[in-house]
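Here it is: the structure, laid out below.
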């Protein structure tokens, strides 16, 4: 469903601080799949995610969603099909707007915004119902500014916002990294539930190998702007963090050939 | 709730104080309210001249005259509020100095007597329909200079001049009027006009420099920007040997060769005399607008020498004042 | 203070409340510091005055002036969105350009309207004097403008506009074309300011090239004074607050003009205004300190 082909992105090309963030990044994700993406700093995880969402233009390469070439589409046009939860809870919501306004904003994603009321009474009931499933009491605080919520609460709302409109792919950008362990756990469980309920195709970038293996059904490891490891199915279920770590170190230590990776 | 009450109390007390302020004038006391758009030597001189005339007629501020002066500090919104305040005070006459203030006052009242001053073209500013007695509540004194006399002066000082340069602020109504008239009159005298715009006073020097080699003499009007930055003009005139002729006598002291100018204090006195007539009972609508009756020739032989001109004996003899 | 002064403050305050609404949109909602208003206020005055002096209907002239303001705002937005010029810089460029454009439109630095028909002279009812009728008419205009703005900001597009200023990155992720929002918001903001300029010229007796100087300061003062008097995040209150702020600010100036009873002189006007506005800003803090412990 998502097909990224041979993406290249270089920052500050031709200068002493040139950074080849993506060097031939290719990844295909099928409908309904939940993929976790892992890699060391600078491996290109966030760059790839930003390329898919449209925040970063690619130098060469092609991105297809459902067979449609979206490579040149700006973020807001792609938003119709791409839903996103940011790492920073502040960046993912509009602090000065209320909870219901944030959700209304998300609800209108992909539609033509006109002069109809932003928050209709019927929508309000819908928002209340969705918020109630979080069990955080937020359904009674629809009129509160979202800036008053804690980081974890905001990420939870962000997840709801991402799911409120059907989208082709959900991008999660280390969305629990800024939360304390207990809240991170809560948000992760929520993620799993929402993805399952809505049968969302999902790509989750994470720093945590534990998360990468526990969540979803396929794990992809990036290194130097390229995919170096792609595990799914029984092989993946059999793996544990030390195994992944071993692979991780091997990749970082030496430059491996593709065959060695698949066998290793 | 307490908070709201206290806010209301403060607001209420302020409003009371405001309404109670501003004592009404005594029965036999006359009151004159004066406003100018901005504080400026020429405009201040007019105001002082008005006070001179009132004093000479026996009206003294604080004794039998309530005198108030407000400057709009260059702000048109404030000029409008001043106009309305004055109208509300119902003085016996309002003196409005300079076009924006005069327009604001005239727009604010149709019955309180208004005497404008320091407006070059009151007809173009729609203060009055024509130069004759207006029949409305408006009259005043214009500071327009008879430009034919100015052109005569230019010819006397620089007889061979063919190209006359002018530095002016295209945003000042009075200056634009002068430029337009010069554009029509100079060709009849066999000369052409070369313009240089100085939208801010800091632009005066560079505008003058742009005229070097293009003109035989630089003439300037009573433009506010030019008058405030006249020294930069003098530098150009002295360095490039371009003769400078001004329209206000003060600039001659600062380095112009000559000026046939309005004495703004005298203009103020002329205005004040009209105010006195109104205080004594004349209707402003019966008094025709006047233009400055007193122009004086000031010359500066030292500046003339620096700018490469020798002044003729005839000119020196006709001068009201020779600056050493 | 006479009734004249009071009504005069109200009248000019209502005109500048339109400016304050415009500044609310650009400065607060879009987070776009917009100095274009120093140029679009006189633009409105210039277009209206020039058209009226050529014999056109004052209502059409006022509408044309509003449209001209919208175009000015669009240009500023375009400089920022398409040419990627920094917002403040783009607005300064437009402000500078508008000085010459306004002079061109007027043909001279001052276009008088004292002897011309205005929207006020046409609508003037015979039983009211003009200094009462004008504030009343302006009150109607401001109320209509406020209600329309409140309605617009509560629509989906209005929400998208507010989101654009609050968090442009997230808005884009929600499908908002932030560039278009900025263009539209700037057009709306400057249209309001130009409308104010057109009405101002018609009450002041004419349009003058210098009438725009300091407009942004007045607009910001109105917004800030309003927010300290009526702090609230609700849209209905925010628009009300800046309208009140503009009127109170002009009221303070009228107060300063009438303070000769404390021995103040004309030169002190700006200082007195500054002191009074400072008092307005400090008031919320003083309230808070006096009522400490009572909660917000």
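Per-chain residue numbering starts at 1, and chain names A, B and C are given in the order in which the chains are listed.
As a convention for this text, a contact is a pair of C-beta atoms (placed from the backbone, for glycine too) under 8 Å apart; a residue touches a chain by one contact, two chains touch by 3 or more.
Quick caveat: nothing in here was measured; it's all calculated off a predicted structure.
Enquirer: If every chain is a node and each touching pair gets an edge, what shape is that graph: line, ring, star, complete or other?
Expert: Topology of the interface graph: linear, an open chain of contacts.
Enquirer: Per-chain Cα mean versus the mean over all protein Cα atoms: which chain has them closest together?
Expert: Here the chain at the core of the arrangement is C.
Enquirer: Please report how many Å separate the Cα centroid of chain B from that of chain C, as a whole number.
Expert: Chain B and chain C have C-alpha centres separated by 31 Å.
Enquirer: Determine the centre-to-centre distance between chain A and chain B, using the mean Cα coordinates as centres, and give it in whole Å.
Expert: The mean C-alpha positions of chain A and chain B differ by 70 Å.
Enquirer: Please compute the C-alpha centroid of chain A, do the same for chain C, then give the distance between them in whole Å.
Expert: So the centre of chain A lies 43 Å away from the centre of chain C.
Enquirer: For chain A, give me the residues that contact two or more of the other chains.
Expert: Answer for chain A, listing residues that touch two or more other chains: there are none.
Enquirer: Give me the residues of chain C that touch two or more other chains.
Expert: Correct list: empty.
Enquirer: Touching chain B in the complex: which residues of chain C?
Expert: Against chain B, the touching part of chain C is residues 1-9, 11-12, 16, 99, 103, 108-110, 112-116, 131, 200, 203-206, 208-211, 213-214, 218, 229, 250, 253-255, 257-261, 266-267, 269-270, 283, 287, 291.
Enquirer: Name, in rising order, each residue of chain C that touches chain A in their complex.
Expert: Residue list for chain C touching chain A: 152, 154-160, 162-163, 166-167, 169-178, 233.
Enquirer: Going by the contact rule at the top, pick out the chain B residues touching chain C in the complex.
Expert: That would be residues 2-3, 6-7, 10, 14, 18-19, 21-23, 39, 68-71, 73-85, 87-89, 99-100, 103-104, 106-108, 124-127, 129, 170-173, 176, 199 of chain B.
Enquirer: Touching residues of chain A toward chain C in the complex: what are they?
Expert: 53, 55, 74-77, 79-80, 82, 84, 86, 91-97, 101, 104-106, 108-111, 113-119, 145, 161
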